[in-house]
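Just passing along the structure, written as structure tokens.
Note that the chains are named A, B, C and D in the order they appear, and that numbering of residues resets to 1 at the start of each chain.
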Amino acid sequence: VDIVLGPNRYGKAEVRLVRVTRGELHEITDLNVSVALAGDLAGSHLGGDNAHVLPTDTQKNTVYAFAREYGVDQIEDFGLRLARHFVESQPAIERARVTIEEYPWRRLGPHSFQRSGPEIRTATVYHDGARTQVVSGVSDLVLLNSTGSEFHGFARDRYTTLAETTDRILATSVTARWRHGGVDSWWRESYVSARDHLVAAFTETHSLALQQTLYAMGQRVLEQRPELVEVRLSLPNKHHFLVDLAPFELDNPGEVFFAADRPYGLIEGTVQRDGAPPSMEEAWSG
Amino acid sequence: VDIVLGPNRYGKAEVRLVRVTRGELHEITDLNVSVALAGDLAGSHLGGDNAHVLPTDTQKNTVYAFAREYGVDQIEDFGLRLARHFVESQPAIERARVTIEEYPWRRLGPHSFQRSGPEIRTATVYHDGARTQVVSGVSDLVLLNSTGSEFHGFARDRYTTLAETTDRILATSVTARWRHGGVDSWWRESYVSARDHLVAAFTETHSLALQQTLYAMGQRVLEQRPELVEVRLSLPNKHHFLVDLAPFELDNPGEVFFAADRPYGLIEGTVQRDGAPPSMEEAWSG
Amino acid sequence: VDIVLGPNRYGKAEVRLVRVTRGELHEITDLNVSVALAGDLAGSHLGGDNAHVLPTDTQKNTVYAFAREYGVDQIEDFGLRLARHFVESQPAIERARVTIEEYPWRRLGPHSFQRSGPEIRTATVYHDGARTQVVSGVSDLVLLNSTGSEFHGFARDRYTTLAETTDRILATSVTARWRHGGVDSWWRESYVSARDHLVAAFTETHSLALQQTLYAMGQRVLEQRPELVEVRLSLPNKHHFLVDLAPFELDNPGEVFFAADRPYGLIEGTVQRDGAPPSMEEAWSG
Amino acid sequence: VDIVLGPNRYGKAEVRLVRVTRGELHEITDLNVSVALAGDLAGSHLGGDNAHVLPTDTQKNTVYAFAREYGVDQIEDFGLRLARHFVESQPAIERARVTIEEYPWRRLGPHSFQRSGPEIRTATVYHDGARTQVVSGVSDLVLLNSTGSEFHGFARDRYTTLAETTDRILATSVTARWRHGGVDSWWRESYVSARDHLVAAFTETHSLALQQTLYAMGQRVLEQRPELVEVRLSLPNKHHFLVDLAPFELDNPGEVFFAADRPYGLIEGTVQRDGAPPSMEEAWSG
């Protein structure tokens, strides 16, 4: 044979779980859980022999059953429990990745809530039997500085027409993920603090480039959170173009902007602790 | 001729405007503005004679220019200014509808902001030269009661299998619009108050049907806000199904739910002040 | 009381039904069905008395059961059957509206299919016990003429900067709905023909305004299809802007365009047969 | 320092380009182009020194200018030209990835077109100065077999409730990408053939598992297309659940299905030619 099966995985994606904890005050946890399993799955691919395939329907059931048996609490813990379960209980499964999105709600009353957001807390747990990696994160965190952003001194070529500026709007929708050095962080406190440091660095950085802001955000998180070893950021530059009002005999001193959809700049970067243990790449994707 | 031109309108949709007000503390206003104009436009339809057609590009320019000349402040005011302008300045234009969405931001610093939400404030202003109607509203306001909702005693037929329940999750994404009796409400205070009364009614109503909750929401707004004469609500019933955990020898006392996407119930209704002046229907759509 | 319940309705939205007809060649029908019922529903709104409320869950069951009992065939027929059923079988229900989207598939083999599109066939059936109205339509039908479109001679004011043009791209995503005079059209043939005439009129009209194209589309459908009495069109003007390449010492003779997302022009209009019976407006919305 | 900059890249994403080729018959090409550049960009991250940063605005301009200067023709060629240009012309840029989506249109007339689809042709070109990698692909290709799919003999545990089946609907939305061994394939013919072989393998495989279908799809492409060395597939299992009609005294012999949104199975796998040169992973993502 000269054609072979390469890397593969399978699982149930986007299991929507709402967990209510009842008491005098109800609590709710609103999750989107995705499971991806890998291991000795060649039989299914090559001949339709499913003896090693735990159905994705079973994976879904496990998410709901574990939510009842163990509760959810922090999504990193819930992900760890699920990832370990699949690898430890299924002989053919060697690696599991559990990705969880948590949607925020604000309390309105003893058992009443309002969806807040748009920002989403995320966690990806990866376990291969021997090693475990936890990546926490945030997405859809939309930030804007209405001044304090410049862009000039850039490279130029035949196709460059962009004007230099010393005052522009800087806006982005943050997708950030940070890797824990171990598997026993105080997940809630770690999340809240890392997220707040990201926001503070965005807010406090006088920016000469979105790249500079990106690095400042990652650097600050690593400086402040010793349990973290790496931060990956994806920052779309949500362009706000100053509208030319001169045809109407109006000036526009940084006041009226067109918020464009596409295209957008996209700045992606990693900030890491020197000498950190190597990352398991499968734990980031998905 | 036995084929004729019927009702028609045209305009620029989804003009994305971000307005910065500079000072020691910057303020930002983030809008999506849509204009629809109607009048003597048969020439354009029947023969491509555009003498009566103010380009939609001009309408867009006007939105940006007015934001500079007059500021935005409350979206009802900005809509009134735009709607009147088009009708008063263009001889062929007899009716204008301006629809505005305002996206909320939370302050992080003197010139830093975070997008909050998901809820969106809305306004639709309609002006026909003689009469003016203002409809304010909110959309994407997602609310959930984790108890205090029942559903039983309903009609049954051959196709009914639904079990009665005395305790379910009630969740919805509110789209509400309320009509002002005049054009001189205190827009900001009126909006905040109407929106808060909607939320309070949802939270405080022990619900025997989403219809009951809908009516309570509209009723409360009208009771509390004399400047309003009509409330229209569209409430999807975002079903949360209790997961059957019995196959796993687990009970599920109202704790673990599957949040379904589709299908969903959709409850729509109007609550109005008796004897209110008639509504101009064109002012609601779009 | 000075606060009263106004118009209201409720139902199950977006019931996703795939119907397979088995035989030597399988056939599939892929639908999204929404039901809205109105009638004597005050009890539910005012006091949570659901005796008149047939659950939306039952409505969903009915869609699936009818698909088995009667098949689907043409969506207008399926909608008629459902709409009449709810009004005739539920004493409190006086009006029913059934809205159906049908997604197209292309045959690949005896039981294999590929989703085609993006265009969607639609139907809305409204029945109030005495009268019945059927509206057929198409949405997401995206058309483009790369020449044969002009726009000039338009109204101007202080805010007008648009250049006149005698050659531009005209592109739109057609949402069209057409009302049948009766309830016994040959639905399939009527749909295919009406849709094809819309496309032909778009293609063949040398356009001086998108309004002119809109009218030509509606006019042609009514001229060619005697069973139809009214056509409503919503045509976003999907702007394609000629890119200015002069800074790079390149001309651009109508070759390189930026396809913009927002804002967009939006042209909406109705073409109707003179003397047609009046429309029931509830049958159009939703 | 113990905090360092890791991998990073930046570029303009989602440049929407429509290219018209004028002649007796017009041709149109409708693209979404994204550029990501990497190299010596530490200055921008660490100190806001942008001397090495070619603005993303310039990248956008280059896309449009190249479309005029050289035309587009096959997206792999257009991507190669752009990727090489950025690396060769910018001293600080060492690696470029250009990702292109091409939206299909069907001809209606000499200069008239209708958007077809939903399937999208894709290409990702990666160039690092020394090496170049081209990945072609397709996305949003939605396929369905209404029979010829079984699923049984799977692993079971405490949480397994799924019934075995010998006849189910198998439906998926194909995202497939295939790596060329070189950079001189006949792109158009290669694309059409690879895509058709994917479809044929889906259609002709009697499936015992979606994994088996996935492997068959990749295997067939590699068997038939010697210029390709690796195929990566991501296949969501778009579940169609047979509706239980027994409560209504109706059977359901594989005819009436509920098409579910979430959750869904997700099967991902790679099929590769044994001994193929190693892949450059940066060329796949984005």
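Simple rule for what comes next: contacts are C-beta pairs under 8 Å (C-beta built on N, C-alpha and C of every residue); 3 or more make two chains touch, one makes a residue touch a chain.
Please read these numbers as outputs of a predicted model, since none were measured by experiment.
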Problem set entry | Selected pair, out of B-D, A-B or B-C, that shares over half of its residue contact pairs with C-D | A-B
For this session: Note whether the interface between chain A and chain D is symmetric in residue numbering, meaning over half of all numbers used appear on both sides, and answer same or different.
Result: same
Seminar exercise, completed: More contacting C-beta pairs: A-C or A-B? The answer is A-B
Problem set entry | Separation of chain A from chain D, taking each centre as the mean of its C-alpha atoms, in whole Å | 22
Exercise. In whole angstrom, how far does the Cα centroid of chain A sit from the Cα centroid of chain C?
Worked result: 38
Problem set entry | Whole-Å separation of chain centres (CA-atom averages), chain A against chain B | 31
For this session: Name the residues of chain A that each touch 2 or more other chains.
Result: 16, 61, 65, 159, 161, 247-248, 261-262
Problem set entry | chain D - residues contacting chain B, complex | 158-159, 161, 247-248, 261-262
Problem set entry | Complex contacts: residues of chain C adjacent to chain D | 16-22, 26, 28, 30, 61, 64-65, 67-69, 105, 108-109, 111-118, 141-148, 169, 199, 202-204, 240, 243, 245, 247-248, 250-261
For this session: Within their complex, state which residues of chain A touch chain D.
Result: 1-16, 34, 36, 41, 44-58, 60-62, 65, 89-90, 92, 150-157, 159-162, 207-212, 214-215, 218-219, 222-223, 230, 236-237, 262-275
